[in-house]
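The following blocks contain the structures, represented as structure tokens.
Each of the two complexes below includes subunit A, the first together with subunit B, the second together with subunit C.
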Partner chain A sequence: MEKRTTLIGASVPRPDAVDKVRGEARYVDDLAFPGMLHVAVVRSPHPHAKVLSIDASKALGEPDVVCVVTHRDVPGANVVHVIYDDQPALADGVVRYIGEPVALVGAVSRRAARKATLEVRVEYEALPAVTDTRRALESGAPVICVPAAAEGGGNVFNRMVLVKGDVDTGFGQADVVVEGEYETGYQEHAYLEPQGAIAVPDEAGSMAVYASMQCPFYVQGAVAKALGLPLAKVRVVQTTTGGAFGGKEDVPSQIATLAALVAWTARRPAKLVLDRGEDVLTTSKRHPSRVHYRTGAKADGTITAIDVDVVLDAGAYQTLSSAVLWRSLVTAAGPYRVPNVHVVARSVATNTVPNGAFRGFGSPQVIFPHESQMDRIAERLGLDRAEVRRRNVLRPGDRTSTDHRIEESVGIAETLDRAVVLADWAERLSRVEAFNKTHADRHRGLGISCVLYGVGLGGKAPSLDKAGATMKLEADGSVTVAVGTVEMGQGLSTAILQVASEALGIPMERVHLAPMDTSRVPDGGPTVASRGTMMAALAVLDAARKLRERVVAVAREVGIPDAAAAERWSEIARAFWTRNVDPAVEGWAKTEPVSWDPTTGLGDAYPVYAFATHVAEVEVDLATGEAHVVDFAAAHDSGTILNRALAAGQVEGGIAQGLGFALSESIPQKEGRLVVNGLTTYRLPTIRDVPLNARVDFVEAAFPAGPFGMKGIGEVPLMAAHAAVARAVAHAMGRDPARYPLDPPYVRELLSASA
Partner chain B sequence: MLRYVRVDTEAELLDALRKDGAQLLSGGTDLLVKMRSGLVRPKSLVDPAAVAELRGIETAGGALRIGTATPLSEILASKEVRERAPLLVDVLRVLGCVQIRNRGTLGGNLANASPAADSAIPLLLYEANLELAGGDGARNVPVGGFFLGPGRTVLQHGEYIRAVRIPASRQNWIPFFHKVGRRRALTIAIASIGGLAAVSQGRATEVRLAAGSVAPIPLRLKSAEEWLAGRALDRETIQHAGALAAGEVSPIDDVRATAAYRRAVTGDLVVRFLEGAAAA
Partner chain C sequence: MKVRFTVNGHAATVEGDAEMRLLDALRDVLHLTGTKEGCGEGECGACTVLLDGLPVNSCLVLAAQAEGREVLTIEGLADGPRLHPIQQAFVDAGAVQCGFCTPGFVMSTYALLRDHPAPSEEEILTALEGNLCRCTGYVRIVDAVKRAAVQLAETRLGEARARARETA
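Right, the complex of A and B next:
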């Protein structure tokens, strides 16, 4: 492991902050190109229907309309390329969800484009729709998805199993068995900047794409496929991205493909930026879930077996559901040592908007259950809830639910101990009890939640777990760095500059991170799975090592001793230039190969795991059912922390997003229609709802293969926060919730049931 | 083409409002949302923010006159309002958010006539009068007689609210307000309950109760009020008042909550208020 010095872990201010605060950062909708058209999408009003005809003649008669594009105009494959290629770019014969793109209007203004969508006449013949997973799984339910994408048969996209040990034996050894059914609903990413892309026809029949995104190489692949171009002729530039949270993993492939189809047809630049309402209604969300969870434990609280059934509502097309489902499968046991495990996980097609990646990626849906089960075991056995967790958390040398023996960087027990101290758990519990004795109209409650997160893509997509970086020593000694994963608000660019500066031994001000452009760096996989900073930093370290070697050699040639290299850096750079030494290097990183067997679900699922323990205190109004978080403590093990302030910011944001998921965020779905009006009726937490006194700390169980010992953090805070909040509400109520969100009507319903 | 007309005098305001498709813009925090979604399509927006008669806060003894185009944040910051109508301040503090309170006005909140209009609750409780102008002549309408239904008021074409008059009131009111929402700011009430109680030696001298989001209009809970007048605030009396209040509202099921929830919460919050008042 590299030696850690003062810059690593320092709360260096983000270099991108000033532009953003001053409103000078250029997001995709701030960009324009000469002759640019605006794209508006004609969308299906039906959850399931045949498309009989599309008549664009009236729209084409509008003076500002330049083109109308349908599936017939797609030069390459008519798909939004993600994993299964079951989703058409533009509907061809059938629509499978409300909001599915059917045609595109390209016009000289956004207003004209949107207006003209009303003039495109589409004739539909409604088909029977299936809009909930129970119905979709019934025998005799119509198959509503593309059959080739339904590997599980019928409407089941994927069915995955994990079998370790023997659950019958495990339950036989148990002194108590608890069983529960848990449901969660949609969660909207609500990134500050809606989805958007501009496609610009470029030299020699190539296409450039500028867009807000997490995964430029996914977009490159999708656009190339739809246009029938070689990858080398599609160049993707990431514009300043105003938040993503997984929502810009697969969806930008669709947005960019649609913009590119208009640009290709009209041979003019074309911009598609969704407004908030359209974004909320038509782009991916967290998969609604139903989980059945059975846990057996001995009298001392030690878990002997779990039997889990997971159903995720995938929506109409596969997109990323198989990967999301995989994480539900391998995370179902949580950060606990469970000798006998049986998990069945299914992603099920419905005639609803396709769901995709969202911070946590299939794990929050099993964390709410596993943490609820843990509390119920503690209650049945009369054990303290922190203590029952302490007896079960993974220790170095233990085996995970996938039978992965983990030796290094296993800090869950330390996060538990730290969180208990930060929260003053025992003392706070007695204060809560005293409060509840003296208050008849409101009660307080304390909740604790422990989580495990496999960092990176692991056994599901090992070929994506790599990263590239380029580094160029300029003639004045400044250094240009480029990496293949992106800044999307999480702070990657700051951490990368810290790492590059640390590794080169020069001040951060001399290093500049170039904008993400697929023509500049090799395909380094997606910025997802809490891997972006870790992988890019590894590639940067590799590049820096190579550049340092060259610097040392050139320094020696010109008589500068190694020890003086840092202070005489500019002289050395000048010598590169005068002596025609190649100043550019490439760095590369890949994770250790993992071994995972899809038939049993067993193996080394991920190269490393991140952990966290959160403790929440809530106050619940016993009449209205309103729940409010009054105190919060969070302890994380993400290995070495590169930038403490940014890591704490990730945790604070995750707490806010997690408590929103647990308490207030929901979207009712009625016959395939999402009942939501942008962010007006989608209740994100406000500054008055989040705990401003959250205490955040890191235990830093170093990961030797990570850059300076770091592993990922991005998703973990949300994963731990929601269950801590939900279980705190459960504690205050003395009732176990079976679903999210714990909004006032549901809390009151639970309270009435206990009266 | 939509026209924006900023008027300086009431005469100009009257003129501008008589034009076909004219719409008063008093803050616009509801109006612009409705325009964006196409629910209303005015031809001109008439902004009265500069008209003196519609601006500012005046006092006369214990009474208040608040120009309807006065931004809510200005009312919230007013010492005079805090002294004379403290419950109005309590309510405005949770109306919308800082940005909305900087733009929004009492006139806009009332004329929008949402069943959930927060400001209606304290104004109903203080028995405020609305000074209307611009119709067949100036007239005064009590807030309790202003709302006709969701989005509907007694305002005639060309008529507008000039000012809100809050009469002098008891100094010893025990105030209560609880807005039930899914979050603590920027939220439309699922139900809101307000009250003023004058209690002397455990007996209710006078109790006023108002509720929002539990009926087509914000309303006073008269039967509970009448039941309470002059009674000792014992457990049974309070419980009965809660039941009367719950029976007096006519809520609906919507995406925010069920009617049953709203009815039950109305009763429970009235009970909470009265228990607190009895103990005060």
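Right, the complex of A and C next:
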């Protein structure tokens, strides 16, 4: 592991915050190009239908309309390239969800483009729609997805199995068996900046794309495929990105493809920015889920077996569902030592908007169950809920549910101990009990939640777990760095500057991070799976090591002692220039190969795991059913923390998103139609809903292969928070909820059932 | 239709149709893109500007309604390269992540601290409950507002002392 000095761990303020507070940071909708068209999308009003004809003649006669694009105009493959390529860029013959793109209008103004979409006449013939997973799994249900994408047969996109030990033996050893059925619904990312992309025809028949996104290399691949261009002729530049949370993992591939199709057809720059309603209704969300969970435990609380069945509602196309499902599968046991495991996980196609990545990526759907089960075991056995977890959490040398023996950087027990201290668990429990004895109208409750998160892409997509960086010593001694993963609000750019400056031994002010541009760095995979900072930092360390070697050599040549290299950095840089020394280096990083057997679901699923324990206290109004979080403590093991303020910011934000998921955020779906109207009816946590007193701490079980010992953090806070909040509400009510959100109507329903 | 108003102390004339929102006039015509459109329905507060000193969602105000009035946007706060103390406090407190909501929060804070130089936590929550942030969990935003209040009070005190010295 690299030696750490002053900068690593320091709460360095974010340099990018200055542009942002001035209103000068340029997000995609702040950009314009000469001659730029605006794109509006003609979308399917049907959940499942044949497209009989498209007549654009009237729209084309509208003022300011330049072109109408349909599937016939796609020069390359008519797909939104993600994993299975089952989703057309523009519907060809069939539509499979409400909101599916059918045609595009390019016009000189946004308003003209949107208005003209109403004049594109599309004739449909409705087909039978299947809009819930129970119906989709019935024998005889119509197959509503592209059959080639349904590897599980029928409407089952994927079916995955994990078998470790023997669950029958495990349940035979159990003194108690607890069984439950749990459901979660949609969660909308609600990044404050809606989806958007601008495609700009560039020199020599190439296409440049400027967009809000997490995964520029995904966008590059998707646009190249749809336009039929070589990758080298598609250049993708990430614009300042106003939040993503997984929502800008695969969806920008679609948005950029649509913008590029208009730009290609019209031979002019074309911008597509969704308005909020369109964004909420037509882009991916967290997969709704149904999980059946059975747990066996001995009288001392030790878990002997789990048997889990997971069903995710994938929506109409595969997008990322196979990867999301895999994480549900391998996370189903949580951070616990379970000798006998059986998990079956299925992603099921329905005629609804395709679901995709959302912070946690298939894990929150199994965390709500595994933490509910843990509490119910504690209750059955008369054990303290923190204690039953302490008896089961993974320790160094233990094997995970996928039989991965983990030796290093296993800090779950420490997070549990720290969170219990931060929350003053035992004392707070007695205060809660006293409160409830003296209050008839309001009850308080305490919830605790422990989670495990495999950092990176692991056994599902090992070829994506890499990263590149370039580093260039300028003639004045400043250094330009570029990396292949992106800043999207989480703080990657600041952490990278800290790492580069630490590794080079020069002040942060001398290092500049160039904007993300696919022509500048090699394909280093996506900014997802809490891997972005870790992987980019590893690549930067590799580049810095190479540059340092040259710096040392040049310094020697000009008679500057190593010890003086930092002060005389500018002189050394000048000597590079005068002596024609190559000042540019490339860094590369990849994770250790993982072994994983898809038939058994066993193996070393991920290179490393992050952990957390959260404790929430809530107050529930017994008359209205409103639950409010009044206290919160969070302890995380993400290895070494590179920037404490940024990491804490990730945790605080994740707590807010988690409590939203548990308490208020949901979208009803009726016959394929999402019943939601932008942010008016989707209830996001406001400043009044969050625990401003949250206490956040890090136990830092260093990961030797990580940069300065760090591993990932991004997704973990949300994952732990929702279950702590839900279980706190359960504690306050004395009832076990079976679904999210625990909004006032559902809490009242549970309370009246217990009366 | 022509609308004349003052933006950040400068006279502006905007031409557009009757449906043009103040947000469109600022972003599309005057190229003041610091004001953001997060929802277009008055829910998120990312488009907050001050109209005659009062915070409004500029997506819910027609450009015509600004006729003859004064508009202050995020671009009007900094003094050249020097950040306004509220902006500096947002940087220092770590209150900025993706930054899309930030201009709206800064403008709401500006109005708050002008009317309540030493706000209670309740006053802060009331002033900012119309602004949504999806990244930060609001913790550091509240901290930024408190820091800015202290900083502005110190600045005022310094100015008062300077004036006192001049008179003395």
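Methods note: the second predicted complex is superposed on the first by the 755 of 755 C-alpha atoms of A that agree within 3 Å, B and C clash if a C-alpha of one lies under 4 Å from a C-alpha of the other, contacts with A are read in each partner's own complex, and residues count from 1 in each chain.
Keep this in mind: a residue touches a chain if its C-beta (ideal position, glycine included) is under 8 Å from a C-beta of that chain, and two chains touch if they have at least 3 such contacts.
Because the structure is predicted, anything quoted here is derived from the model rather than measured.
A.B. asks: I'd like to know which partner A:568 touches here: subunit B for first, subunit C for second, both or neither.
C.D. replies: Neither subunit B nor subunit C is touched by A:568.
A.B. asks: Contacts for A:645 in the overlay, against subunit B (first) and subunit C (second): which applies, first, second, both or neither?
C.D. replies: second
A.B. asks: Identify the partner contact of A:292: answer first if only subunit B is touched, second if only subunit C is, both if each is, neither if none is.
C.D. replies: neither
A.B. asks: Just subunit B (first), just subunit C (second), both, or neither: which does A:548 touch?
C.D. replies: Neither: A:548 stays clear of subunit B and subunit C.
A.B. asks: In the superposed arrangement, which partner chain does A:242 touch: subunit B (first), subunit C (second), both, or neither?
C.D. replies: Only subunit C is touched by A:242; subunit B is not.
A.B. asks: Based on the superposed arrangement, let me know which partner A:687 touches: subunit B (first), subunit C (second), both, or neither?
C.D. replies: So A:687 meets both subunit B and subunit C here.
A.B. asks: Go through the superposed model and pick first if A:23 touches only subunit B, second if only subunit C, both, or neither.
C.D. replies: The second partner, subunit C, only.
A.B. asks: Tell me which partner A:748 touches in the superposition: subunit B (first), subunit C (second), both or neither.
C.D. replies: Touch status of A:748: first partner only.
A.B. asks: In the superposed arrangement, does A:624 touch subunit B (first), subunit C (second), both or neither?
C.D. replies: The first partner, subunit B, only.
A.B. asks: If you tally the residues of subunit A touched by each partner, is the higher count for subunit B or for subunit C?
C.D. replies: Of subunit B and subunit C, more residues of subunit A lie in contact with C.
A.B. asks: What part of subunit A is shared between its subunit B contacts and its subunit C contacts?
C.D. replies: 677, 680, 684, 686-688
A.B. asks: In their shared complex, at which residues does subunit A touch subunit C?
C.D. replies: Residues 11, 13-14, 16-27, 29-30, 189-194, 240-245, 275-277, 488-491, 645-646, 648-649, 652-657, 677-680, 684, 686-688, 690, 692, 694.
A.B. asks: Flag every residue of subunit B that touches subunit A in the complex, lowest number first.
C.D. replies: 33, 37, 97, 178, 180-187, 190-191, 255, 257-258, 261, 264-265, 268-269, 271-272
A.B. asks: Could you list, by residue number, the parts of subunit C that touch subunit A in their complex?
C.D. replies: Contacts found on subunit C: 27, 32-41, 43-44, 46, 73-75, 77-78, 83, 87-88, 90-92, 94, 96-103, 106, 121, 125, 128-129, 131-142.
A.B. asks: Over in the complex, which subunit A residues touch subunit B? Could you list them?
C.D. replies: 441, 623-624, 626, 628, 663-664, 668, 675, 677, 680-681, 683-689, 743-745, 748-749
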